[in-house]
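Listed next: structures, encoded as structure tokens.
Next come two complexes built around chain A: one with chain B, the other with chain C.
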Partner chain A sequence: MNKLLNVDRRIIYVILVIALAFPLIRPLGIPLLVNDSTTAVHAIIEGLDPATDVVLLSFDYGPSSAGDIHPQATAIVNHLTKRGIKWVGVAFWADGPMMADLLIADLEAQGGKYGTDFVNLGFMTGGENAIRSFAVDALVIPTDIRGNKTADLPVMQGIKDMNDFGFVFEFASGTPGYEAFIRQAVDPMGVKFAAGVVTVSVTGAMPFYNSGQLKGLLQGLRGAAEYELLIGIPGDGAAAMDASSLGHLVIVGFILVGNFAYFFSKKKK
Partner chain B sequence: MRREIPFIITLVVGLVFLLAPLTAGNIPLVGQPFSFITATYFSPWTTIVAAFATGLASVNLLRIHANSISRKRAGWYNSVALVFALAFFFVYRTAVELLPANKALAAGYANYFNNILSPLSAAMFAVLAFYIASASYRAFRARSLEATVLLVAAVLVMIGAAPIGAEIWDQFPVIQRWLLAVPNMVGQRSIIIGAAIGGFATSLRILLGLERGHLGGE
Partner chain C sequence: MNISMDIWTWVMALCILSIMSFLYKENPVYRLAEHVFVGCTAGHFLGVAVGNIHRFGWVPLNTKGDYHLIIPLLLGVMLYARFIKGYAWVSRWPIAYIVGNGVGLSLYSNLWTSGFQQARATMINILAKRPDGTIWLGRSLNNTIIVLGLMAILAYFIFSIPQRGPVRRVSQAGRWLMMITFGVSFGNVVAGRLNLLIAQLSNLLGKWLGVI
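Our next item is the complex of A and B:
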């Protein structure tokens, strides 16, 4: 029992690597149920009018959390593109514009028109205050990431503040995040808002979804996979779900074996 | 005056922000509402101050690590890597911002970002999975009633969140959603409301001059 209690951590690492790598090489095809918080985001975008509505996407994540969030961003942008809805990208995280540019490069390769169908306004410093400034004056960022005057961009015509966007979605991985949007734009201005968060933030975001302040919520990588399922465009989220399942099972297994060893060693003593 | 002037600024700015969402009418003599003052003047100022704070932090970081290199402290070569990366990305990004029409420069920057910084950051984040796996085996023990409740809830949420949970037993996702929607929400709301009241009380203490830590005092 002592051996089981003091197992070499490298054995744990190897078991985890095998559990994560195996389904990536040979997918298991485990069915995925869609959460209502994901369906809510999908329904909002389905309800938008491509002729009049412009969506604001706030890219508030960087490479470290991209594993969880970037598949969400890809799925949402794919949905907007599929429906012909224009979008404006902004970032209150310094790395955000680079993440948005990854998606824009793909869209331009497919024939999307920068400035008309989508735009990347870049990073605005100041955290929660910057969110407030942008909420009350969407032209507070004078130029986009390519140096074009924001007020002259076709996609920005008719947009003065955050309420002029048909829907606001934030890809959030920390501070400033969805709570800052709720405090500065949702509650005081009535902005229609939803967010995609990293898996560890789901418990913190749930009260805001249940209160209706978040109209929808994408829950980590699983949220991305569910969204891909809803729009019928499989991507990185769905591909990683089997690995996620086995990874969860292995960790639960470790907890159970660790406790089993702990109790039996205690009984012996 | 070194204390009085910052205190007066804190009081005035704090009151304006406090009154902005509570009042709608114009301020006598000014002819504008508080919300106009905050949106037009204070919010852009705070953005500028935040930008300066970022610059200040970079200078401070550079100073500490340059000192470490010059004194050849333990691990000084890590400081060399940090200073080099800081200078390289600062100069490169500044050039990209100053020459927005130069697409080759922007593409080169994106190349460094996507192929060096992104994989390194993602690898750092991914390493956490191994620590969690090791910790779940060694530390997550049912040593007390509270720890047992936490452990059972964590296992149920984990299994319910993974797609395979529904395949094992179709009630796992139902239990997981209930745990998130009811006990989790109750706990989270208590923490959020408690922290908000605490934040409000601390703000009042600062506005009234009872808390003077930000002025450099005790």
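Our next item is the complex of A and C:
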């Protein structure tokens, strides 16, 4: 029992890495159920009119949280592209434009037209104040990330404030995040808004989904996998779900073994 | 196996492995990667900050004649007065402006969004019905947990009456519910960290080694 209580932590790391890597190489096909918060986002985008609606995507994450959020962004952008819906990218996190550019590079390679089908307005500094400023005047950002005048971009025609977007979606990984959007745009202006959050923030975001302030919610990497399932385009999210499930099983196993060893050794004493 | 020939993929892989080597023990390779990371981050943010001043301040001021932008630019310069002995007090003005602006913008909205709107969301009918009029069992159970759970947790924080008898039992139930919530939050933290590790393993096994 003492051996079990004093296992070298590096052995645990190795077992965990093997448990995570194995399903990545050989997928197990563990079934995945779709949450209604994910279905709600899908239904909103399905209900948009490609001829009139433009979607605002706020890329408020960076490489540190990309593992959780970037598959969500890929899935949402794939859905918008599939439906022919135009989108505008903005960021209130400094790394956001870089993450949006990764998606834009793929879309341009597929023949998408920058400025007409999508645009990257870049980073606007100021946190929650900047969100408010952009909510009341979408042309407050003078130029996009490539130096084009925002007001002259075809995709921005007819857009004056955040309410002119058919739907607003934020990829949120911290502050400013979905709460700032709710405070500055959703509650005071009635903007139709949903968010994709990192797994760590799911518990905090659920009350806002239950209250209707968030119209939909993508819950971390799992949310991305569920969305990929709904749109029928497999991506990084679905591929990682087996690994995630097996990783959790291993951790639960460690907790059980640790507790068993602890109580058994206590009983012996 | 189809190992990448792209130099940046190799840089990525070596950086990931260097940082992960800390799990074995502290070592010079980890230190090097750590310093490179801190340096890159500082450089990146400095570039972004200068770019922002140029894009949102300098360019509109020069090309569109937005002379009111002199005020925030001046306030920004005033922040650095704290480094000049005898004039440090000047930096208090922009700080006062930033704090005042932030508080003014979030005070009411915070109360409305996280206070009133959230409280309103708990004032629900326990018995939920589907659009066709039949009782929705799952949602009804959810609503019951929301309403009873909220009351139990609020009872835990009532300190003006003695925690005895039925009040104690309700407040104890509230404590259990809070513990469950904290457990869910911690579970999400573990899941989130696993997801980040999976993303890096995907990069190593997929983009670098080409085995997935």
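Heads up, the rule we're going with is that the second predicted complex is superposed on the first by the 269 of 269 C-alpha atoms of A that agree within 3 Å, B and C clash if a C-alpha of one lies under 4 Å from a C-alpha of the other, contacts with A are read in each partner's own complex, and residues count from 1 in each chain.
Rule of thumb we're sticking to: a residue touches a chain if its C-beta (ideal position, glycine included) is under 8 Å from a C-beta of that chain, and two chains touch if they have at least 3 such contacts.
The shown structure was predicted, so the numbers you read here are calculated from the model rather than taken from an experiment.
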If we overlay the two complexes on their shared chain A, which of chain B and chain C does A:Asn259 touch? Say first, second, both or neither. first
Report for A:Ala40: first if it touches chain B alone, second if chain C alone, otherwise both or neither. neither
Partner chain(s) touched by A:Leu221 [first = chain B, second = chain C, both, neither]: second
Is A:Pro207 touching anything from chain B or chain C once the two structures are fitted on A? First, second, both or neither. both
In the overlay, answer first, second, both or neither for which of chain B and chain C A:Met189 touches. neither
Have a look at where A:Ile233 lands relative to chain B and chain C in the superposition and call it first, second, both or neither. neither
Examine A:Asp137 and indicate which partner it touches, taking first as chain B and second as chain C; both and neither are also allowed. first
Counting only touches as set out at the top, which of chain B and chain C does A:Gly247 meet: first, second, both, neither? both
Would you check which partner chain A:Tyr13 touches, where first means chain B only, second means chain C only, and both and neither mean what they say? both
Just to be sure I follow: which residues of chain A are touched by chain B in one complex and then by chain C in the other one? 13, 16, 20, 64-67, 124-125, 129, 132, 143, 188, 199, 202-204, 207, 210, 222, 244, 247-248, 251
Can you list the residues on chain A that touch chain B in the complex? 7, 9, 12-13, 15-16, 20, 30-33, 35, 62-67, 98, 101-102, 124-127, 129-130, 132-133, 136-137, 140, 143, 145-147, 188, 199, 202-204, 206-207, 210, 219, 222, 241-242, 244-252, 254-259, 262-263
Of all residues in chain A, those that touch chain C in their complex: 10, 13, 16-17, 20-21, 24-25, 64-68, 70, 94-95, 122-125, 128-129, 132, 141-143, 179, 182-184, 186-188, 198-204, 207-208, 210-213, 220-222, 236, 239-240, 243-244, 247-248, 251
In the complex with chain A, residue positions of chain B that touch it: 21, 39, 43-44, 46-47, 50-51, 54, 100-101, 110, 113-114, 117-122, 124-126, 129-130, 132-134, 136-138, 140-142, 151, 154-155, 158-159, 161-167, 173, 177, 180-181, 184-185, 188-189, 192
Chain A partner contacts - residues on chain C that touch it in the complex: 23-24, 44-45, 48-49, 52, 55-56, 59-60, 64, 101-102, 105-106, 109-110, 112-114, 117-118, 120-121, 146, 181, 184-185, 188-192, 194-202, 205-206, 211-212
